[in-house]
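Shared chain: subunit A. Partners: subunit B in the first complex, subunit C in the second.
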Partner chain A sequence: MSKTSRIDETNFEINRRRNVKPHFEPNHIYITRKTNIEQQSKKAAEMLNNSFDEIFIHGMGASLNKAMVFALEVERKFAGSVKSDVLTSTVQVTDEIFSFSDEHENNLRNRPISAVHIHLYRVIV
Partner chain B sequence: MDISRQTIAKPRFLEVEKFVESRTNSIAQLLKAIDNEALVSGEVTKGPRTAAQRLPRHMRRRAMAHDVRRFPKGMRSFASSYLISKHRKKPPSRFARRKPSNILKSYARRKMLNGKWLETHIWHAKRFRMIKRWGFKLADRSYQRGFRAIIRDSNKKCVVRDRSFLTCITISSEDNAIILEGIERLVSKKCGITFNSEKGLSGKHELPIHIYEKDKYPSNYIGPARFQWVSKNQLVIWCHPSVEETLINQLKDLFGLEKIENMEKDEEEEENEKNILYSSEKVKVLVYSGEINRFRLFGPLSLEKLAEAIRLTENQEEFGKHHEQFRKIVNSKDYLTRIANGTILSIEIEDSRTCWDRKDRKKNWKKERNEGDEEEFWMDLEQPSTSFWNQEVRENARDKKLPNKDFQKQNAEKIEGLKRTDSKIPILILEKIYGSLCKRCGVRASGMRDDFSAHLEARALCSPNDDIDSKAGKEFEDYTRDQVHKVWLGRPFNRRCRFWSALSIKYPFTYNWPNLCSDWGNRDDSPPIVCRDLQQLAFFDTVLRGKNKPSENLESILIPVKLDFIGRGRPKKLGIICLPTEEDLKNLKINRNIEIIQESLKIKEIGEEHMEVEEENNGERKLTGFVSLEAAANEKPISLKNIFENDQKLDDKNIRRKRLNKKKRETKKRRKLEGEMNPVEENEQRIQKSMENYRDSANRTIIGRIVNGEQSLLGGCGIGLGFICASSLEQFSANFGKCKSLVLVRNSTSKYYHPAVVSVIRRTSQI
Partner chain C sequence: MDNYIPADESVEEAENPFPDPFRDCKTMNVGKNAKFRHIIQHVDRFFEDDSNRFVIFKSIDGATDKAISCVEVFKSQAKIELYQWTKITYSKRVVLWKCLMEGPRDIRATIEVPVIFIVVSKDPFPGEFSCMSMQCSSDREIAFRPLNSSRPKKPTPKKVGNRKVGDGNKWSKPSGEQRKKEMKERSELLKEVENSSIGE
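This part shows the complex of A and B:
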């Protein structure tokens, strides 16, 4: 099945597989559509104040905007003592195409998605 | 008056012959007792006698029955046989019992009595509660109380479960078409993949399948299974032991098989492994039970943990490519998103003891990110090796395994420890990404209860417990019915839940699906059918989300559904799923935790009188701050006995005893009274119950029942799995907002209804 072909929803079901996180360290924050920015920014501020000199914020697809808003929010909170570097990239996500009948095959489909990785770090003023 | 008796004429002489003839038996007995040579002269005893009794009186000594040395030397050997006590012997000492040979003997004895043991039985039995199910002794739950930890690990790390109790059936024939022709009649294309699918025939995948009786789809469901085409002429089917018998009967019927008794094996081996061979002219079916081990590792770190626990062999000829591929997959960071479901990887490993003490396990499996140009690698993996299915190879691995003593000896001789032994074990790894030997690598072991709860957390039906229309499912239903009923009967009857009179639950211990379906319009006597048609399930899903309208002729169909509670509520097995009224929906939109109560039958009748009594009491309330002028009003009577200390203690005891006795008498009387009244009440209730429709027995219309439910640990809310009648869909589809369907759920032991959003389970049960 080609990457661009549309899928007939009466014969197939599409299941999106969870993407693998690139890092598991506690100072990596993953922003999704369901993340509460206000609460998360409190946590990030606490992290920067108490335990880490740098944090990484990752956002993907629909949460790109949210991730960037979040980064700006944290930066604003620290009023100049924290700076940011932004890196954009593309990640491959996988869809499982599950056929309802025996005539069609079950398949995997890869699809590229934009992602953003923001590096926030403390600056010695 | 003549009162004299009639004189009896006495015989003048005796006829000796006749006299003796009539008494021959007694004379023979007498002679036997007296003329017995075994007897000591002068002794006349009938019954069995001890050795001491056979001695003349002057030779008898005290304590002769206990000590053989009291006997004269010549009689000791004869007497010793009489001194064995009839009492139970003192058990052998703990030291003797722990002797390895004796332990093995007792294991063999226990295996015979209590069901088959898995290979990991002893390990599990020390740490888990073992229960007997499906002819096996299986680990149920850990004594380490790691229930929450296991759920957490299966979601984020790795958990291992022993699934060796599954039955493996291999079907082989010279011609592929013969197998396919027969076995395709057991499955339906509507339920997804069949044996004939391209993916299955490639032999690289083990795929789930639903098996029905021959040509009887959609009724007569047998159970879920998994299959793999090992080669073109050999098919392997894994099924649950509870459905094994039915499946084999079907195979016998399909291929005309006959059981072959004489397998060329020793007696000892037969005891351990009872592989059964069925054969006809063209087809051979071999049923393995207990020879092949199957472990299931759950969680995202499964493959890494497995890789840490094993050491690959250096068998370049046969497994060179497979091992290279395995290393590549383990090393890639994103194999979880790339590998297809059911992929089989075959590898060969060394004796697992060789990598127990290694400290550099993790170094060998360093993560490297694969570059993007490897799409082809993932799409076209190596064909798995068939050596696993070769009995000689398996036996070789088992026979060449070093005994622990030899292994330790050789291990100590080498600086880095023993790394290679002659025993090479072939294993198959099955990759299965779905919802959500390695103990020394920190992998948590778990039992059956954890399996059920993990299925519930993933909102998936668990086979065979939740396959309500299969034979195995019905057996489980009977099993739970008996258990729940036993618990209910075990309580004193004034503490028993009054299911009908208080809660209006018509069937508290069973689901009774046929009755419910007939109430919802199923006029045939045919048993209800669980929908496993994937397209139909997808359609029902759209109906519940308000995008379609339900079709007709759905009377006998049951739909598997999952329930997510939006407010309070912790669903339990045997709860009822009901339709909300319009008023409920209005109220629930305002407050999700509003109380909706099932009124008991008694309250309906005497509710009004109860209110009047309360009103009367309210009228006689005393004025606050009012002091009575009467002297007698403030006086309190004081017992004289309390004033005198000496008497007090005695009296207290007496009073307490009397009070206790009185209480006992009263409760006894009350119990007796209630016990007498019960049959009358019961009879009334029975009549009332039989008049009432199952569907309308509660004060909300019943559409289904819950088969499994609990408070979700990961979700933080109640979740449940159940079945609802398809013909009820029309009445509640998309009744809550635009695309949500809301139902009310009530446990069989509770009067409170709780709201839950209902959606269709589109993935059917798997093993």
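This part shows the complex of A and C:
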């Protein structure tokens, strides 16, 4: 089994390790495939109105598009009083590959996936 | 919506949000079915000419994730240092739904699709455009990392109730010293009792 080849899931179990979050502050929002955008945008608007002048949105892999939709939604809600900075990066994620049979060994696989980081901040007028 | 049919569809394309030198330059449209290999080869050939200094990657049909991945792959394969400037905006798709029945009005639905514009340049961007959206391919730092970022400590659990901990609690398991002390007291008491019984 080479590292780049596709893994036959009938003989192996793939366990995706959770990625380490780079920030732990409450104004950092991580968007996943399961995030409800409408609910989260309400929370973000509340944060910007009451507690923080800036929020950070992080999305990676399948949730890149969702993170951008979310950022645009928050920007639209504030009608120009909030602006955004966008950065992109590549994140290394790890998969644990367990073999069902004794023929193959258990393995670790690293995959690079793209990530987006959006900084939303209040514009000082 | 059973009695409605889509009659007309118009798309309001997103405008290039970058200032003048980057407005009318070569644009690579990255769609859902685009092949990384073809786009990267094309940009490589474009960059071989020294007069071409920058190129724009633009996502179409909501393929923003693919555009980002394409730029990341291109940056990782490039041998020179590249500068990147990213902006997001949206295009509008307006769909007119006509009603088959007489009476109800037609519906005009506006769908906003995110569009990402990424300028990849061989030269650093001019100082007057400086902003936080710019990055360099050699940057290895985590994005928007504050200077003193550390994991917050878990708060110590609050003491609940009047339960005493340690020596004060009579229900807690006695320590070794306490047990020795108790044994000593008991043996002394026994000796006293024995002595008094012998005296009688």
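Assorted remarks:
Here is the rule we go by: the second predicted complex is superposed on the first by the 122 of 125 C-alpha atoms of A that agree within 3 Å, B and C clash if a C-alpha of one lies under 4 Å from a C-alpha of the other, contacts with A are read in each partner's own complex, and residues count from 1 in each chain.
Operating definition for what follows: contacts are C-beta pairs under 8 Å (C-beta built on N, C-alpha and C of every residue); 3 or more make two chains touch, one makes a residue touch a chain.
Predicted, not measured: the structure shown is a model, and the values here were computed from it.
Residue by residue along subunit A, subunit B and subunit C are tallied for touches, and C comes out ahead. In the superposition on chain A, A:32 contacts neither subunit B nor subunit C. Once the two complexes are laid over each other on the shared chain, residue contacts for A:88 go to subunit C alone; subunit B is not touched.
In the superposition on chain A, contact is made by A:13 with subunit B only, not with subunit C.
Looking at the shared chain after the overlay, A:100 reaches subunit B, while subunit C stays out of its contact range.
Residue contacts after overlaying the shared chain place A:108 against subunit B, while subunit C stays out of touching range.
After overlaying the two complexes on the shared chain, residue contacts for A:23 are found with subunit C alone; subunit B is out of touch. Subunit A uses residues 22 to touch subunit B in one structure and subunit C in the other.
Interface residues of subunit A, counted against subunit B in their complex, comprise 10-11, 13, 17-20, 22, 92-94, 96, 99-103, 105-106, 108, 110. Here subunit A touches subunit C in the complex through residues 22-25, 56, 61-62, 64-65, 68-69, 71-72, 76, 84-90, 112, 114, 116-119, going by the rule given at the top. Subunit C meets subunit A in the complex at residues 62, 64-65, 68-69, 71-72, 76, 84, 86-90, 112, 114, 116, 118, 131-133, 135, 142-146, 149-152.
On the subunit B side of its complex with subunit A, the touching residues are 189-190, 192-194, 196-199, 333-334, 336-338, 340-341, 372, 375, 433, 534-535, 538, 762.
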